[in-house]
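When the chains are written out, they are named A, B, C, D, E and F in that same order, and each has its own residue count from 1.
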């Protein structure tokens, strides 16, 4: 336990210090969401109809595109070697790193959601629904995204390639995230059904992500 | 050892000039604080006394906060642009300190302009937010302030960050005329200029005087905060240089 | 616990084959090292010294043969009983010297000693609160050495450990290695320069 | 003194309060930053790190 | 002239060879556009109404996110030193590099537009309009984005930070690009007005981009 | 055109100050080099040899002092009359040897000679169509040298030019430098090893 909490604390600390990337993800989220109305046009009714979709897309892109250095930085400075050799199972260490990333880069997105909701003319209920679905769904994004981050180490190449590999995996999360938010706002479906599927997706990815990432890191040893 | 030679050659360029600036700041700052407080008090008092507008009712009081902040949001970017020229053209060490210290203050003013504008927009236009040209261009200004702050945070070497930030600031200055003239170019919801315009102000004196007082007070507030923030930034760089020196000194 | 006291601890490889990038680097390599002994791995550039250390550390998978530690802690795998000191320092520039060290101490776990004392031993006590970004190459190396002292591991795998260390630093490091051996530890070091302590030589890939 | 702020009093009050809050945050940040920087400088001074240009710093009239 | 055409030909050749990045941009474009219907929901009328906006957003993100290595690769292998020293003005060399990037990574996006138009239920006119506006507008994206790419060299850091810095600059392009497409599809405005503004933006960025990028590269020398 | 024939060409620096990362590397440096002469820049690690070459090449901006070339082509700036051979090879791994060379020949412009002949001189004619990714370090260096031969420039700025070259390669390179000097060229080379040709020494930052 100390090992894992040490890892989590370290990663969060680095993300928040000068040179860390936590702020940039939120800014990207802000920018992408602010961008959408320019594309869609200043039709407030349409915007509030699309609001949840826009927020979800922004959060999806922001959390995937910040992920590519999750393992790469540790690989480059040799930390990953020591993590692999340690007494902590690699799966747990991967999970801890993803959790730290979610806390430092995912949670701020959710905190920023209400502000963006105002810009998109969402009412309180809608904003709350989106924030809640993001809270349930972004862990799934981070934990499937970490598979791509691990592949980036194996392939010695991050950036867009990683996003292209991971985006298809995150489509189900996006679908049920938006569906649950829409259900909460306009019906006719109940909020519960898609929301519980979303939670289930998050739980499944919480298991699959670390295993797949650890396997990919082990096979990428070189 | 290699490192010990650095002590002789190191002149800490960063600090050569700002020393005088620090002394100056120490003397000027108390006066500035006093002036700001006095003017702000008078301004607020005058704003409270101002009559209600025949169209806008009491909400016109928001103007005394909104307009100075809106002006300052652009003014601060202007200051940063001049400082950026100083960084790029004259490579003056104080210039990047000035630019960096101004960014968070400018962002705060811009945020206030946006917020008070939204709060004013609700009673006046029936909505907090509208994607109109003036409002949007101010929002872009806010995003660019945040982007600059992110840049300063993301890069560890301050002189590197300074040069990049300077280029970006100058490019972003294109946004200033767009904000200023957007109401004239595109027919939008937002008020056209009534104070600063060709052919004199159209605003009634009972609004104009408190507005100008508040504007001067907020400008003084900016100058005060900016000087203090610049002092902090100089000290931060001094700490950094000393830490680097400590790292190379003790190894010898 | 840490196996440092079990005199009969022995690390041995039999017929180890190393393949990298589809090319065989070496094959049929046999080696032994017993507790209290230092083995210096020597050979030309590209002969596979680093690769051997990484094989032992479990960071590469042998294409053939076996590597095993007898007499260590039975509940731990070989890599879990090793310290690996490679070319890369595993330091985060944004964290301070103390934060870097205490992270590794917490994360690696096991038997520990005082981090502040280790920093004093390697001569970094004046820099405790400095960001690691400000350290010179030699200071970074010293900080890595402090990790070996703070967390006890019976097997040290050292890849050109004296790089960037000045003369005083090398002397300090020799002392640390002697102490480690005296407590029943075991050292495998890849070097081009002499190791500075009594050691057995393991040559890879023919004479230099 | 009482003012009648009309039906939109809450908007006006919120505007002024927000402005006050933001300004206070700015001032607080600057003051705390000043404290922490001077503290760090003092610490460095205590640990004996010196600067060459230092004498001129204190001598400036 | 030989100097510039040599530079353009080299950059295009590298982008199209193994390891080059041209393909990944198109793939990212595809993925983002395919993602949108999942977020918005399977409402075909709405989708075709949003079609131009979606395509423009996808193209915007794809072209900005592929840009960050525009100067970085040349910086890392030392080519940028020689380019700076050469008899070709740095501004022209920057413009040539951006042009090459647009040809290798921007044009394919436009070629891919009709296919994606089908997916989004756009008719021929709409697809044509979007493709035409992209043709007129993507140069502006590339040429403002190159400022960010040059900043990335100065900062020793690319990726999302660059995107965050450049996105606000590209908002006007997005606005008029979508406005022109919409005008062509549904009216009531004329296509001409926003389209000519779009062209004007491209022309302006054709001038400002290279100058700002060259200035940033010169000041980033170190 | 290229100024190679104007015997009186002279490169001189007066009171040059170099500042990097806020730290002064050297100051008050004076130097002169006339056509037909080679100057070997020597000094400890980190004394500023590379920095000096980059200052001359216009890749760094001096914090003080002047660097000027008298008697060269009046229409060209100093950097435009220089070849800079640094640690990084300016080669694209995806392009073939011939493509890499002909790109630089086309891009740099000015007076040229045959690319194929230059490749033959540096001993790379057998590898013309190989991707640069397949070259060894020494072969990459030779390809960079071919650039100096294909495009004529009066001033050569060489940063540890013999790195990675084998003995035959060094001999070849000495011949090339002699020829360049004989045609009225000028060489400034930063080296740790002797340059192999007659040269004047310029020491930076005190004795090693």
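Quick note on the criterion: contacts are C-beta pairs under 8 Å (C-beta built on N, C-alpha and C of every residue); 3 or more make two chains touch, one makes a residue touch a chain.
All of these numbers come straight from a predicted model, not from anything done at the bench.
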| item | value |
| --- | --- |
| Joint neighbours of chain F and chain D, given as chain labels | B |
| Contact-richer chain pair (by C-beta pairs counted) among B-D and B-E | B-D |
| Chain whose Cα centroid lies at the greatest distance from that of chain F | D |
| Averaged-CA centre spacing for the pair chain C and chain A, given as whole angstrom | 37 |
| CA centroid of chain C to CA centroid of chain D, Å | 49 |
| Centroid distance [mean C-alpha coordinates] between chain F and chain C, Å | 41 |
| Interface hub residues of chain F, defined as touching at least two other chains | 21 |
| Per-residue overlap in chain D, given as positions that touch at least 2 other chains | 47 |
| Residue numbers of chain B (touch at least two other chains) | 10-12, 136, 143, 147, 150, 154-156, 241, 243, 246 |
| Chain pairs that touch, as defined at the top of this document | A-B, A-C, A-E, B-C, B-D, B-E, B-F, E-F |
| Contact footprint of chain C on chain A as seen in their complex | 2-3, 5-7, 9-10, 13-14, 17-20, 76-79, 81-88, 221-222 |
| Residue numbers on chain B that touch chain A, as the complex places them | 118, 127-132, 136, 139, 143, 146-147, 150, 153-156 |
| Chain F residues touching chain E - in the complex, by the definition given at the top | 20-21, 57-61, 76, 79-80, 82, 84, 86-95, 99, 103-104, 106-110 |
| Chain E-touching residues of chain B, taken from the complex the two chains share | 88, 136, 140, 143-144, 147, 150-151, 154-155, 160-161, 163-164, 166-168, 170-172, 174 |
| Partner chain D, residues of chain B touching it in the complex | 10-12, 15-16, 19-20, 22-23, 48, 52, 57-59, 61-62, 65-66, 69, 104-105, 108, 111-112, 115-116, 119-120, 122-123, 221, 225, 228-229, 231-232, 235-236, 238-239, 241-243, 245-246, 249 |
